[in-house]
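In what comes next, chain A is part of two complexes: it sits with chain B in the first one and with chain C in the second one.
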Partner chain A sequence: MDAFFTLLKHELLVTALIFILLLLKISRTIKNETLLPLIQLLLLINCAAGFFWNEQGSLFDSMFYTNPLIALQKNILNIGVYLISLLFTDWFKKTAHLAEFFILLLSALLGMFFLISSGNFLMFYLALELATIPVAAMANFDLEKKVSSESAMKMILSSAFSSGILLFGISIIYGVTGIINFAELAAVVNNSTIQLLAFVFLITAFAFKLSIVPFHLWTADVYEGSPMPTTAFLSVISKGAVAFAFITALYKVFQPVAGVWYNMLMVLAVITMLVGNFFALRQQNIKRFLAFSSIAQVGFILLGIGSNTANGAGAVVYFILIYIFSNLAAFGVAAIISAATGKENIDDYKGLYKTNPLLSWILALALFSLAGIPPTAGFFGKLFLISSAAAKGSYAFIIIAALNMIISLYYYLKVIRAVFMDKNEKPIEKLQVNVYAKLGLFICGAGIVLLGLLSWVYEYIQAVVQ
Partner chain B sequence: MGVYGFFTRRNLITMLMSIELMLNSVNLNFIGFNKYVWPNKMDGLFFTIFIIAIAAAEAAVAIAIIINLYRSRQSVDVENAEEMKY
Partner chain C sequence: MQNVLSIALIPLLPLAAFVLLGLFGKSFLKKAAGYIAVLFLLTATVLAFYTAYEYFFVYGKADGVYQKLVPFKYAWLVFNDKLSIDIGILLDPISVMMLVVVTLVSLMVHIYSLGYMKGEERFATYYAYLGLFTFSMLGLVLSSNIFQMYIFWELVGVSSFLLIGYYYNKPSAVAACKKAFIVTRFADLGFLIGILVLSYYSGTLDFNTMLTTLTSPESSELKSAVSGSFLGVSALTWGMLLVFIGGAGKSAMFPLHIWLPDAMEGPTPVSALIHAATMVVAGVFLVARLFPEFALSAPEALQVVAYIGAASALIAAVIACTQTDIKRVLAYSTMSQIGFMMFALGVSDFDNGGVLGTSNLGYTASMFHLFTHALFKALLFLGAGAVIHYVHSNEMKDMGGLRKHMPITHITFLIACLAIAGVPPFAGFFSKEEILLAAYKGNKLIYYIALFTSALTAFYMFRLYFSIFWNKEYQKHRNNQHGEGGMVMMLPLVLLAAGAALAGFIPFGHFVSADGKPLESEFHLAFSIAPVVLGLAGILTAWMLYKKQNERPDKIAASLSGLYKSAYNKFYVDEVYTFITKKIIFKLIGRPAAWFDKKIVDGMINVTGSITQTISEKIKGLQSGKVQQYAVYFLVGGLILAVVIMYL
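Our next item is the complex of A and B:
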């Protein structure tokens, strides 16, 4: 019983939060202004509690498995959710159904927690669905907007399609081996054609969720149409969770066929980077721009996953932590501007520095970090990813990756030029930034700078991974 | 069949039905493997039950979204849902 509580701690906490919100919702009508700080406080407690009593063990006939690394990954996701609750304060205050939004968000988070610790394909599938269906509902939250429901429709149809493919892969594996348990499966996976077919189906499903290139088409539309917090959640938290689950599945279950998926991942990584970068070049809408830039970032994550070492896994965890801070900062600034003025085009950002220096600096910091420029943490994240991939050889792919960083620099700097240098007759007027959003932005900014400078963060992650 | 339907149909409801068709083929797969290949295991049956339940949940959310889309657009055709392009 004791192990039950310590091992399931993250999941139980999130479930408790969901129930608290449900009870608050049905008991009486609370104004958003009072409910939001309460939610933020609860999420902060949840975030802090995640760091204690992390043990190793499995539950429910090894369907659920956890260890310090998995607990660390869950903590990273928790931090991201807390930051989302801070950064999008403006949007949250306006929405009519605040409690429901957080119930859906936390349900999706719960699904991601189970997804990361799943030790069985049944658990894996259930968790994946729990992590995607609420997000589709969240994408539809701007009920009166046409684009919002359109993006939700695209999201639910493509995710249902991808889970159909995933299930087909699982059913083939079950037919061949009769096993759906990860630990037992690792012993019997081999290079036979039918198992590789099933494996390709599984990779396809992951590629859909991570928006790896041949299956990335839904990403930009969904990101553009959804409300800002949903977009941020989708691009940061859900991507991180799926990447963590991908690591678990590849390293634990499909380790025997590593030679096959190494090449696959490297090619996918390079294509993903190229397509993401080249499409990002021509985007005008800031959300679409960030969507394609996040596709390009996934390419780098794949590079780290493909290295197939504990070092690579550590580098991926570190990179995702940085990515959460930098991407959320960028989305946070965009959300503040879009909530106040409704402007989402990069051209509208011209001359932003004159009127809103704080927002401009945070945005510049975030974009520098995403581009991977040295003083920021993003540089170190990419450095470790590329060096872990280089340890494995295949320098051609790594050179292409490095060239991609230069391409990405061009479009990130284009936004920064618009903000800092371009003149504009009618720049966005001076915005009153909410205290909570300001706090969130400062946490993000501090994270971007400090994660790179404090070496113990990376050493801690590597120590946990080993 | 389901995949074919998903790519060719232009009506959202029919697309949803195609996805259900795909899931049902997986169910048949699981049941068949369970009955003839691994008769002494139960995993396949459990998996099927869960797939049916999840498919229902997914269909509920999808139909809710489609109804919302219909309200704003008076159509359930994908060709009309093209507000966003690059």
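Our next item is the complex of A and C:
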């Protein structure tokens, strides 16, 4: 019974939060102004509690499996969720159904936790659905906007399709081997044609979630139509969780066919980076811009995953941690501006520095980090990804990746130029930034600067991974 | 022994000035910003001179050889026993020399800017940026680890980006800083990949360890690095070439030089600091730092260094003869002089066991020229700044006859011109003579190129000098009330002029040489005749053409119209780049991608959209025809993947 509580701690905590919110919601009406700080506090406690009593073990006949690395991954996601609750304060205050939004969000988070911890295809599939369906509802949360409903519809249809293919793949594997347990499956996986076909179907499901080209088409529409917190959640937390699960699946279960998926990942990484970058170049809407640039970032994650070493896995975890801070900071600034003025175009950002220096600096830090310019953390994240790929010897891909870093530098600088250098007759007026949002921005900014400079963060992650 | 604190303070003081002025410059310290920065830098300069004295005369030598000392090292990120990223201090003759050069020139620029930048709105910000730049540059030269150097290398890039773009409301300045940043970033990419290659083969990032493992013939690392080859060239040579690309980008070597002339959009004192004395020589410093590795293990790469250097020297000198913007003339002249330093390294040998080997002469000559060039080129830029300050224009045609209006500037500028033209006994004569001698011994072709280039140098420098100070009578403008510039602007000019006149007498070879042993510099009177005569001929030509206003220069330009025009247009290198980026990259990749997106993707969506419309009315109402299209792509993508995996 003890093991049940310690091993399942992260999941139990999130479930408890969901029930607290549910009970609060049905018992009385609470104003958003009071509810939101409470939620933030609860999430902070949740975040902190995640770091204690992490053990290794499995439950439910090895359907559920956890170890310190998995606990660390869950903690990273927890941090991201806490930051979301801070950064989007303005939007949360306005929404009519605050409790419901967080119930949905936490349900999706619960799904992700089970996804990372799953030791069995059944669990894996259920968790993936749990991580997806609430997000579709969250995409619909700008109730008065038609685009919001449209994006929710698109998301649910696309993911239903993806799930169908995934199930098809799982059933082929089950049909061929009669096994759905990961540990046992690893012993019987081989590169017979039918298994490879099933494997490709599985990969497409991951590719869909990570918006790897050509499975990315839903991304831009859904990102643009959804409310800002949902977009941030989708592009940061959800991608992180799926990337973690992807590593487990490839390294643990499909290790025998590593030669096959290595080539596939590299090709996908290159296409993804190129397409993401070339489309990001043309975007005017900041949300679409961040969406395509995040597609390009996923290309780099694939490069790290492809290295197929514990070192590479550590580099990916480290990169995702940094990516959460950088991308959330960018989304946070965009959200503050969008909530106050409704402006979401890059052209509207011209001259922002004159009126809002704090927001401008945070945005610049975030974009520099995303572009991978030293000494921001993003540089180190990319560096370790690239060097883990170098250890594998994929030099051609490294050169392509490095060239992509330059292309991306161009469009990130374009935004920075708009903010700092371009003139504007009517810049966005001086905005009063909410204190919680400010706290969130400061945490992100500190993370972007310190995560790279404090070497023990990386060393700690590598130690946990080994 | 070495006092770590006093050495560490040298880079940290400018950093402190940056932090202080960056945080409080706008509010509390607005008035005093300049003085505070000067004070910090003055202390750093004194410490640098003290360190240099201690190193060269007290503790640097052991058994008559200057040692590479590492007084401080902190393992910042440890990968394994050998491979770690450290933050450390490396003291050897070149890093100590650079300490002196950087702090001295930076101090001069700090003082000079008190007058030049007075009244600027972002005065404190300017000094904060200067502090950041000085810190990064000092960190770069002190780095004990190649990765540490890379980090400072990037920081130098960022701070110079800020300084070039200082006049941020001037579109040309913004364009220039972006160009400089992107071009050098591109080169830095080569550097980074080079670092990865070198560290992969040597198993270390530490300079000292790397140099020993990759130069001793017995080491297994060297054997594997030389044997692994790609396109017929050994992996080590590739690594060194990639590192050199990084250096060539920062040092504005052909064909990566295009950012340097545009970077003249920054404030003139900044050009003196960054684009004359410090940042642009970082590439030379990098090659010198890895010199044994180049010379012993990758001689092919060193050949490339030599030819790129010589080509840059010649091309830049030809272009400089035709430019009319005085700062651009100086920019091309800088590029040309750095070309001299590069090929001097390129023609040098490294003879570790030799006794007082003169084969190592190129190395010493290059460093010597770096040292003297820093002094007289900074002086030229600061002088040009004073002129621009006075006439409010960069164009030669607006100047002329200024010698009576600006006597101090005139004399100091003349000294600098004589120094760069290689007229004895000024500093440039000695260092250039050594370079020519090294080239004569190492590579005859390069020697003749260098000889011709130094004649050109004398010509275009005196063309500049006569056009500014003689030529015609100066028409005083009404808006021209102030004089030559105050004490703060003249003092650096005079100090630097003293340096430019006298620095040649330093027995440089005693202090700086490739292997740490003192090098007797040879001096052959007969050898010096050719370059000096050619230099004087260049000066004489300039005197005839430009001393008085006349039509001869135009006539000559007309008779050489093809060459003149292409040189005036900088041999169209910028146009070539524009052609490649605009016409080839954008057209062949960007446009098709846009076209593909517009016609194929959207087109197919439209076509299939209309089919789906008839099939399902409800979903059409939700505008979700597209989603099915997405599904098709999804499926096709998945099937292609499957086919690729299973059958290829």
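Throughout what follows, the second predicted complex is superposed on the first by the 466 of 466 C-alpha atoms of A that agree within 3 Å, B and C clash if a C-alpha of one lies under 4 Å from a C-alpha of the other, contacts with A are read in each partner's own complex, and residues count from 1 in each chain.
One rule holds for everything that comes next: a residue touches a chain if its C-beta (ideal position, glycine included) is under 8 Å from a C-beta of that chain, and two chains touch if they have at least 3 such contacts.
Nothing here was measured: the structure is a model prediction, and the numbers come from that model.
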item: Partner chain(s) touched by A:62 [first = chain B, second = chain C, both, neither]; value: neither
item: First, second, both or neither for A:201, with chain B first and chain C second; value: second
item: Contacts of A:175 with chain B and chain C, given as first, second, both or neither; value: first
item: Contacts of A:143 with chain B and chain C, given as first, second, both or neither; value: first
item: Chain B versus chain C as contact partner of A:32, first or second or both or neither; value: neither
item: Partner chain in contact with A:459 - chain B first, chain C second, else both or neither; value: second
item: First (chain B), second (chain C), both or neither touched by A:157; value: both
item: Chain B versus chain C as contact partner of A:394, first or second or both or neither; value: neither
item: First (chain B), second (chain C), both or neither touched by A:421; value: second
item: Residues of chain A at both interfaces, chain B in one complex, chain C in the other; value: 149-150, 153-154, 157, 161, 165, 221, 279, 282
item: Residues of chain B touching chain A in the complex; value: 2, 6, 12, 15-16, 19, 22-23, 25-26, 29-30, 32-33, 37-38, 41, 43-44, 46-47, 50-51, 54, 57-58, 61-62, 64-66, 68-69, 72-73, 81, 83-84, 86
item: Residue ranges of chain A touching chain C (in the complex, touch as defined); value: 149-150, 153-154, 157-158, 161-162, 165, 193, 196-197, 199-201, 203-204, 207-208, 214-215, 217-218, 221, 260, 264, 267, 278-279, 281-282, 373-375, 386-387, 390, 398-399, 402-403, 405-406, 409-410, 413, 417, 420-421, 423, 455, 458-459
item: Contact footprint of chain A on chain C as seen in their complex; value: 76-78, 150-151, 154-155, 158, 165, 168-169, 174, 178, 181-182, 185-186, 189, 192-193, 196, 200, 589-590, 593-594, 597, 622-624, 626-631, 633-638, 641-642, 644-646
item: Chain B-touching residues of chain A, taken from the complex the two chains share; value: 121-122, 125-126, 129, 133, 136-137, 140, 143-147, 149-154, 156-157, 160-161, 163-165, 167-168, 170-172, 174-175, 178-180, 220-221, 224-225, 279, 282-283, 288
